[in-house]
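First chain A sits with chain B, and in the next complex the same chain sits with chain C.
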Partner chain A sequence: MSRSQEAAIGRPTDVAVPRVGFGRWFRKHKLEVALVIPLVAYVMVLTVVPILDTFRISLSGRAGNSFPSAQNYTSIFASRVFRTAIKNTIIVSLLSLSMELVLGMIVALTLHAKFFARGFVRTVALIPLGVPTIVSGAIMLLLFSRSGYLNSLMFVFVDLVNNIPGVNLEFQALSWTVAGGWRTLFTVAVADMWKVLPIVTLIFLAGLQSISEDVYEAASVDGATKWQRFMRITLPLLVPFITMAIILRAIDAFRIYELALVLAGRIEPVLGTYIGGRYLPPTNDPFTAASASIVLFGIIMIFIVAYLKFVAGRSRSA
Partner chain B sequence: MADIALESVTRKFPDGTLAVNELNLEIAEGEFVVLVGPSGSGKSTALRMIAGLEEITSGTVKIAGKVVNDLPPRDRDIAMVFQNYALYPHMSVADNMGFALKLRKVPKEDIAKRVKDAAELLGIEDYLQRKPRQLSGGQRQRVAMGRAIVREPAAFLMDEPLSNLDAKLRVQMRTEIAGLHQRLGTTTVYVTHDQVEAVTMADRVAVLRDGMLQQVDTPQRLYDYPVNLFVAGFIGSPAMNMVPARVTSKDSGAVVVFGSHEIKIPAKRLQASKLEEFKDKEVILGIRPEDFEDPDLIPERQEENLLEVKVSLSETLGSETIIYFDVDAPAVLTKDTMDLSSDASVEEAAASEPRNESTFTARLNPKTKARGGEAARLAVDASRLYFFDPTTGRVIG
Partner chain C sequence: MSSTVVAGKDVLDKPLKLLFPVWVVISLLIVLFPVYLVFMVSVAPGSALFGERPALFVEDPTLRFWNDILQRGDLWGPLFKSLAVASFTTLLAIVIAAPAAYVISRLPVGLRYGVVIGLLVTRMFPEFTIGVSVATRFARLGLIDTYGGLVLAHLIGSLPFIAWILVGTFETIPRDLEEAAQIDGASKMGTLLRVVFPLAAGGIAVASLFVWLYSWNEFLYARLLTTNQNTLPLQVFQAIDRGSRQQMATVAAVLTLPILLVVYFLQRYLKPGALAGAVKG
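Showing the complex of A and B:
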């Protein structure tokens, strides 16, 4: 927060309250208080209280457990499945996030250029947003199944490469989603990317449109090539938008659930599916589910704080 | 430093707009040329074609004798100052100014030195570490100038660089830019819609209208010898008075008659021009406001060419007094005069019933006793009358 903002927010309470007392202050600001109450109530009831309650549950246990106890945490960290889930979540999140950013930038730059029927193409590019997550998972199954497009593509590629004398590649058709390991995680990341690419693209497109054309013109008169204009003008000016995309998307990516459930099932757990598995029948254990949720919450917070501190903060002061 | 030549340069936009039409203009090395014209006359388009930011539909642009039509802006060795400054928002003032040098891999110490020198020249050395958004409009303007100066380019191109400043700062920067040009001697093409800016700064002024060059000349010659109604009305402030009139013989000489007024044309003026051919035909008479004077305040007594008028309004400016009076002759409503007026009132007047009245302006010695609402006598300097052909708008001379 800038100093002027702090001052603007801080002044009415700092100065007015001590001198006139709460009653007078309240009477003076009746309308403001009335207007703020619904928002405060909303945030309390739907965000803060559930989080605190989850935290409470994570420290409780079935009858006999003394409160507070860290037993739920020790038990999940002892579980190999949980540790795999953390590792997988981080891999899938970083993979999909980086693919989204790179592809989103490329698509945004393309859509930003002037071309025939640009408006139409921009609309078409939004289609994945309207597809329910479960359905997009199903679409990805088509892509990655044993008889799916990816395998066909791989065959074409291998045939092509094998035309080169001395090269003799073998490719076995496989079902990517059930192959396990990086292949399965990759399909989850691609599915996630496909679904949210339009959002990332839209954020970048808004950013590109916020840069005035004459700044580019000034740069080209100053001697910048296209590439230099992108690296030294576009990219630095897009930092706030990239930050926004990363934060929005990182939160979503870490709590990925439906796609992982449809594509990876129990083969490769992520935190979302792990928590679901603990909570739902047959396990029916809200306590370890709660502690895993708190761990997920912690990971997201650490990521955001670290990003703001090291990446966004540095580029702003540079 | 370099000379710039435009040869039959044309720009036709894809939508059919002919923004610049067969423009021929030669700008000598070290010259300060101003492109002036009303909004939409193609000034920016012409400048952007020199910069390489706008495609050239036909014709050639040469910088330092070399055809640059197909060169990208960065290979033309020109610096440009934009109307909205176009500073790089994420860079400090120093980085803004040093950007071009950095791209050219000039050593860091050299960049720092050149930036510092330019900043001192412009009085912005205290803001070098600030971001553009932390600067006032005037300071941003200086940074934009600095960014151009640091590069020591072959030519400066400036597109209405002062139009976003307040009136006082505009006058100040006008002087500063002119001073900078005197010091650096860099070839400069400067675009403005403000004729005062044009005539005060330029070595030569090129007047554009609808993408066509009307006249190029020194400010004084443009003022004294406008080639047509448009240039005559555009250059000079307050603008030249224009009225339909008729030249007829009277006694042994000739007079020009408009409304109930009559001015004797000096014999010399008549012989030296084609005015003879327009005898008893309609012409458009032009009188500059400064060619009226209060007859009591001129050194030698003037007996003839005195107009009896009723002053409708007088403005005392201290150094001069401007008076407005009505003349019982219709206003000139040709395309030229309509192009000149920035507001819609002239077009409205053209569309409605023609009124047999037009308003004249006169610039008088401040000692004059002429006051609004009173009658006054005005002496006209008949040697400085302008005559225009009403069909072509061209000057008769």
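Showing the complex of A and C:
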């Protein structure tokens, strides 16, 4: 393409659109190609190929098995532990997701309001992001276990309330983590929520900041109450941000590992701890671990497709 | 209804105004109390920890557990491994991702956006799906328990992330500057090294801090690729599994301290998109 043609179209060409045959394009952009290749190669060799390889492993078995065989899949789906793990993963995800959305919205609204020392509070609100996941697991263990600090706090609270004449509350120390069932799953969800609430808050805060003050002013002139303004203006305008938060958080929640390992490890499996348990000693079975991780991959892919459709397709800042 | 609504005021105003400060203080406590707990328990004498109502304050703090882990020496190995792996991961991530990110940032808009979304999506894949294969191969290649093996694994998560941040950085550097340098006779490579990269230094610094943090905290790949030479997060897990409460809290405090500092400096760069898939349970 000549200069005059370019000028006729009226916009400068960007780099790297092959229009005149691959050879000439390549010679012109040798440097660019050389600069991209290490990254592309890395992602191919250590992300794409391993996923395909895990798929292959999931269809193989110890010596003597004919490849491909769905035996690993039938065996995990026949296992009660695996089905419990799937059920638990869904429960934990739903629990933590709903708590995160509600609390995240409240915290974002709080931090969006103007008040004394808001900058300080905003900084402090980010702290959980800086706490390593394994450490927040350790912390939740301190809080929720038998003779945990949540009980101490509850006692302090009950004592305070009992100072009010005529009130006489009783409280019994609870053990959450070793209880199993809902209680244990609840601690995992709370731990996850504590850790990632800042992310959800930041997403909602970005959304709130994108809404113009004028809309609210117009609404108050028309006599709308705070609650009406929230339900009829804020929420509808936040829908894209809520969608983004739900999808991104669901992807993370289904991959949950450390927190579940620490808080629910042997009592209530989730997909992550199930896969880890199959792969690592003493089980040492990469085959069922691979098939379970392919199942997890399939679930995550559903969310990724949703992300591409509903989030990435719409906003460029995603 | 209209009787309660006078010029934008309504029934919710009063309770909100009263409860607001209380709510702010409560939420600060929810954030800070758990962090306080780690440091408090790490200096608590054993007697303070038991019963169904463990003490919320330590009256006679002890440095016994800090002395213990500092002297016994099983902290130094993991600490050094974590430091070395995080630093090498960061270094390699920049060397591999920065040039690529520059080229991506100069692609036509549509293509560029596609590539960036592709990078983000690779971060959403479950680590286990990648890790099962990587760990089996690394075992065969003798990369278990090596620094190199773990650096390679940590690059899987870091590269797309750092490339994604840096594409944003390079996009802000005007092409006119490059053209000016080339008119003055600089080669393409010279322009990159002397004009573009120095201008991107700030963004590169922020991105490297994120990568360093990721590697410092990373647990899953470390667990798959380690049999006896722990990283610091694995050391915390070991203390959770078999240590006393104070030992667990002390190692956890060592792991947390540098991070709290780094996050303090990073806070203004924390944007929601940057965190997609970056932090998880």
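As a working rule, the second predicted complex is superposed on the first by the 230 of 318 C-alpha atoms of A that agree within 3 Å, B and C clash if a C-alpha of one lies under 4 Å from a C-alpha of the other, contacts with A are read in each partner's own complex, and residues count from 1 in each chain.
Keep this in mind: contacts are C-beta pairs under 8 Å (C-beta built on N, C-alpha and C of every residue); 3 or more make two chains touch, one makes a residue touch a chain.
In this text the structure is predicted, and so the values were computed from the model without any measurement.
Colleague: Touch test for A:Tyr42: chain B only (first), chain C only (second), both, or neither?
Modeller: second
Colleague: Considering only the touch criterion stated at the top, classify A:Leu296 as touching first (chain B), second (chain C), both, or neither.
Modeller: In the superposed model, A:Leu296 contacts chain C only, not chain B.
Colleague: With the two structures laid over each other on chain A, which partner does A:Val158 touch: chain B (first), chain C (second), both, or neither?
Modeller: neither
Colleague: Return first, second, both or neither, reflecting whether A:Ile90 touches chain B, chain C, both chains, or no partner chain.
Modeller: Neither: A:Ile90 stays clear of chain B and chain C.
Colleague: First (chain B), second (chain C), both or neither: which does A:Leu109 touch?
Modeller: In the superposition, A:Leu109 touches no partner, neither chain B nor chain C.
Colleague: Determine, under the contact definition given at the top, whether A:Leu202 touches first (chain B), second (chain C), both, or neither.
Modeller: Only chain C; A:Leu202 stays clear of chain B.
Colleague: Determine, for the superposed model, which of the two partners chain B and chain C contacts more residues of chain A.
Modeller: C
Colleague: Go through the superposed model and pick first if A:Gly223 touches only chain B, second if only chain C, both, or neither.
Modeller: both
Colleague: Based on the superposed arrangement, let me know which partner A:Leu237 touches: chain B (first), chain C (second), both, or neither?
Modeller: first
Colleague: Across the two complexes, what residues of chain A are contacted by chain B and by chain C?
Modeller: 220-221, 223, 225
Colleague: For a test of understanding, state which residues of chain C touch chain A in their complex under the given definition.
Modeller: 2, 5, 7-8, 10-13, 16, 20, 23-24, 27-28, 30-32, 34-35, 37-38, 41, 49-56, 96-97, 99-104, 106-109, 113, 117, 119-122, 124-137, 152-153, 155-156, 159-160, 163, 188-189, 213, 216-217, 219-220, 223-224, 233, 236-237, 239-240, 245, 248-249, 252, 255-256, 259-260, 262-264, 267, 270-273, 275-277, 279-281
Colleague: Using the touch definition up top, name the residues of chain A that touch chain B in the complex.
Modeller: Where chain A meets chain B, its residues are 212, 214-215, 217-225, 228, 232-233, 236-237, 239.
Colleague: For a test of understanding, state which residues of chain A touch chain C in their complex under the given definition.
Modeller: On the chain A side, the touching residues are 14-17, 31-32, 35-36, 38-40, 42-43, 46-47, 49-51, 53-54, 57, 96, 107, 110, 113, 115, 121-143, 146-149, 151-153, 155-156, 173, 188, 191-192, 194-196, 198-199, 202-203, 206, 220-221, 223, 225-227, 244, 248, 251-262, 272, 275-276, 279-280, 286, 289-290, 293-294, 296-297, 300, 303-304, 307-308, 312, 316-318.
Colleague: Flag every residue of chain B that touches chain A in the complex, lowest number first.
Modeller: 51-53, 72-74, 78-80, 82, 84, 86-90, 99-100, 103-104, 147, 151
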